[in-house]
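What follows is a set of structures for review.
You will see two complexes here that share chain A, one where it goes with chain B and one where it goes with chain C.
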Partner chain A sequence: METESSVTGGYRRRFTGFLRKCMFSVLSMGPVPNHIAFIMDGNRRYAKKRNLQLGEGHRAGFASLMWILGYCYELGVKYVTIYAFSIDNFKRRPNEVQVLMDLMLEKIDELLKEESLVRQYGIQLYFIGNLKLLSDNVREAVERAMEITAKNNKLVLLICVPYTSTDEILHAVEESCQDKLDHSQAVKQTNGSTDHCNQTSQEDHEHDIKVVDIEKRMYMAAAPDLDILIRSSGETRLSNFLLYQSDKCQLYSPAALWPELGLWHFVWAVLSYQRSYSYFEKKRKQL
Partner chain B sequence: MSSLAIHLLWLLIHLVISIFFFVLKIANVLESYLISSGFLKKYESINVGKLRYLAVVVDSEDALQINKVIKLVQWLADIGVKHVCLYDNEGILKKSKDIILKNLSCVKLFEEGDEQSLRGKKTMSLEFASQSDGKEALAKAANLLLKKHLKLRSLGENQEEKIFTEAHMTEALRAVGSGGPEPDLLLVYGPVRCHLGFPAWRLRYTEIVHMGPLKSLKYGSLLKAIYKFTLG
Partner chain C sequence: MPRHVAVIMDGSARWARRRGLPASSGHEAGVRSLKELVELCGKWGIRILTVFAFSSENWSRPKAEVEFLMGLFERVIEFELQNFSREGVRISTIGDSSRLPKSLQKLLNKAECSTKDNSRLHLVVAVSYSGKSDIAQACKSIAHRVRDGLIQLEDIDEELIEEELATSCCEFPCPDLLIRTSGELRLSNFLLWQLAYAELFFSEALWPDFGKAEFVEALRSFQQRLRRYGSRES
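Showing the complex of A and B:
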């Protein structure tokens, strides 16, 4: 039997949901960002502030992520990237790293359930980073999640774990070197080894690695250009996140801790993006 | 009809925001004036030693205002910053390198080892960077690493793990002329808050602060940004 407060609570939720949809229909009169990235900073500080256990801070952060994901979906954002775990974070205390890994396993399971947002909204999960650094059970869960959600196409959630930009660039460089080696091996095999000696220095340069070769091999090649990069907690560093991809995107650092980030921060980020839109379009066309 | 009403509402929201930013700009101008006139005492002594390396990103169209750039760099030298990197995406500042250096006092072009050699001296070292030091330099460094890898492979050893490390990448970038330290602070002079392609390999933990367009360059705002950094 529903109590009176849960009935009014239900009405209030539907009313705020209605207001939010009105707000988003006004926002969508202007350009809507296609790809937003989030550095979810501040969970530990939030836990300390509220005298909670460390894990509770990260749980509150996860709840905040679900809200933000919902807003992105309602507005029509197609790609959301989150910095879930940096390779540098492995240097934290082992029990904290274990708490995070256990939480990740728990949340992946939760996300794959029928009633979760992932199923409801048709969200594709894509894990980005040096997956070899994860323990076997986490890696298996990650691969399973990607397989199960591969056919979803309403919104793509790119989860960077474990990730750093420098590792991504290095990996892309290594892969493009391997591509060049494979290519010249294939060329040698079709032409025969005698032609190898006749290769001029000009041909050498044609076979040089170019920027497009590296970009093709970046983990983030799976996503389009970044439009907004939001870091909570007021920090203005990128902390080795999407350094390569953020060259033509709006940076935004609200002071709120990640679990406190809400609808108005999101709306403000989109409005700032709309104000800068013509500038970024001009820069993109200049390429 | 209702779509028109919604569109008008959108325009109204943006108009209100523009007015808000205009008022904010006036407040910043006033504050900047107070800082540069010495009314706000806390800005008088800045522990500039905490700022080892400063980068300034200028929007390429703004970079054509060479006089403003020269003024900015001279202010930085006078404040006591020892090492500055000037970046603009299209390389306009690089092309104007000679004019800029000619009009500055106590400033020299960046060389490797400046951090040691300039200690205790009044001279500031100035580096110029552009997009060729960013993505293009990564491609050049990749080719260098590939050549190293091929050389070692021809010696019969599998050296993949030893060649493709972050340390070797940093070394390769230095070898192609795009090395240079990681800035502690990056000031963006342009219409939007964006690092405009500053070399990614050097941006890992850099604080990024948006200063506004170059035409509204103010000494007080510059001092405030550096002061806030030294507090943190």
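Showing the complex of A and C:
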């Protein structure tokens, strides 16, 4: 039998959900960000604050993530990127790294279940980073998740693990150099030895590495330009996350720890983006 | 104290507009703020100050404003050259100097040469600079070295890339603290690689209003932060 409190709780939830939908309808009359990224900082501090085990802090963080993803996709944001694990985080104590990897396996399984957000919204999963650094079982789970969701085409969730921006750029530079080397060798083989010196220097100049060559080899080439980057827990630094992609995006760093991040922080970030967007549109029209 | 401070000097044009003045007055007022900051950095033991004077995107501003800025840079550097030597300031520029007027290019070369032995403060001026282009030119340079057999593909690592970036002229290429004025919360294609672990401080003040008090506020904020670099404090 439903108790009075669960009936009241049910009404309250439906009313809050209705209010949220109204608010999002108003927000979507203005420019809606297409791509938002999150640095989910503060899980451990949250656990310490509430006298919880370390793993519980990260679990609370995951629950928070599901809410935030729901808000993003409800508003109409198509791409969400999250900083799940930095290559620098391997420097942490081995038992904490293990807790995080175990949690990741557990959550990947949950995300692929029938009733999950991924199924509900038709989300394609991308795991972004130097996957070779993951242990075999985690890498297999990650690759399986990408395969299963490859046909989803409505929305995209990019999970950066294990990732740093400098590693991503290094990888793009290595691939660009490899391609250029392969191209130079191919040119040498197809041209005669008498002409090849002049030809090679001209071709070299035409095929000199440009910004677009690096960009198309970045792990994040799967996503469009970043509109907003949000870091929780009040720290204002990028910690080697999406350095290349954040050149034009709006930065926002609320003081709330990640598991405490809520609807109002999200709304504030979008409003701040919309205010800045109209300023830049005005400036662009003046030029 | 941070060893290397970087500043995005934003808001000069807005400052002028609010006072009903032309943009040029805003930029001139901005020069005074920069002079004060250079003095404070020298006095307080900050080793490197990198300032974003003109981005590659700024070339699309009105021609008159761009020409004024180029002229302003020339006048200021010409005027300050003796002061730099007296105060031990070393000046370097980063960015695509090929787009600058020839007279400015010549002056910048002269300034870099004549101040290269100064060691109290290293002032790095980013003119016609783009963080993305900086990374692309580093990559191009590395690719040429691989092509010429000077290095192997396997030798390419993050350190090598950092050595090829324009900021390799600095003793500490990566800023500890980035300050952006005018309340805008974005990096605008400035020092992207180099800002990996920098503390970011956003000041509401427009650049011509950024003075000692605002700088102290930024430094205090920096000193209160706990820098973990991905690991945990024990």
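Please note the rule applied: the second predicted complex is superposed on the first by the 260 of 287 C-alpha atoms of A that agree within 3 Å, B and C clash if a C-alpha of one lies under 4 Å from a C-alpha of the other, contacts with A are read in each partner's own complex, and residues count from 1 in each chain.
Methods note: contacts are C-beta pairs under 8 Å (C-beta built on N, C-alpha and C of every residue); 3 or more make two chains touch, one makes a residue touch a chain.
All of these numbers come straight from a predicted model, not from anything done at the bench.
Asker: Taking chain A as the common reference for superposition, should the pair chain B and chain C be classed as clashing or as fitting?
Answerer: Overlaying the two structures gives a clash between chain B and chain C.
Asker: Where does A:130 make contact in the superposed view: on chain B (first), on chain C (second), on both, or on neither?
Answerer: neither
Asker: Applying the touch criterion given at the start, work out whether A:271 contacts chain B, chain C, both or neither, answering first, second, both or neither.
Answerer: first
Asker: Does chain B (first) or chain C (second) touch A:174, or do both, or does neither?
Answerer: both
Asker: Between chain B and chain C, whom does A:30 touch in the aligned arrangement: first, second, both, or neither?
Answerer: first
Asker: Who does A:152 touch here: chain B (first), chain C (second), both, or neither?
Answerer: neither
Asker: What is the contact status of A:116 with respect to chain B (first) and chain C (second): first, second, both, or neither?
Answerer: Neither chain B nor chain C is touched by A:116.
Asker: Looking at chain A, which of its residues have contacts with both chain B and chain C?
Answerer: Shared contact residues on chain A (touching chain B in one complex, chain C in the other): 164-167, 169-170, 173-174, 176-177, 180-181, 208-211, 213-214, 236-240, 243-244, 246-252, 276.
Asker: For chain C, which residues count as touching chain A in their complex?
Answerer: Result: residues 60-62, 131-133, 135-136, 138-140, 142-143, 146-147, 153, 156-158, 161, 184-190, 192-193, 195-202, 225, 227, 229-232 of chain C touch chain A.
Asker: Quick one: which bits of chain A touch chain B in the complex? Just the residue numbers, please.
Answerer: 25-27, 29-30, 164-167, 169-170, 173-174, 176-177, 180-181, 208-211, 213-214, 236-240, 243-244, 246-252, 271, 274-276, 279-280, 283
Asker: Touching chain A in the complex: which residues of chain B?
Answerer: Its residues touching chain A are 6-7, 9-10, 13-14, 17, 134-136, 138-139, 141-143, 145-146, 149-150, 160, 164-166, 169, 191-198, 200-201, 203-210.
Asker: So in the complex, the part of chain A that touches chain C is made up of which residues?
Answerer: The touching residues are 44, 86-89, 91-93, 96, 164-167, 169-170, 172-174, 176-178, 180-181, 184, 204, 208-211, 213-214, 235-240, 243-244, 246-252, 272, 276, 287.
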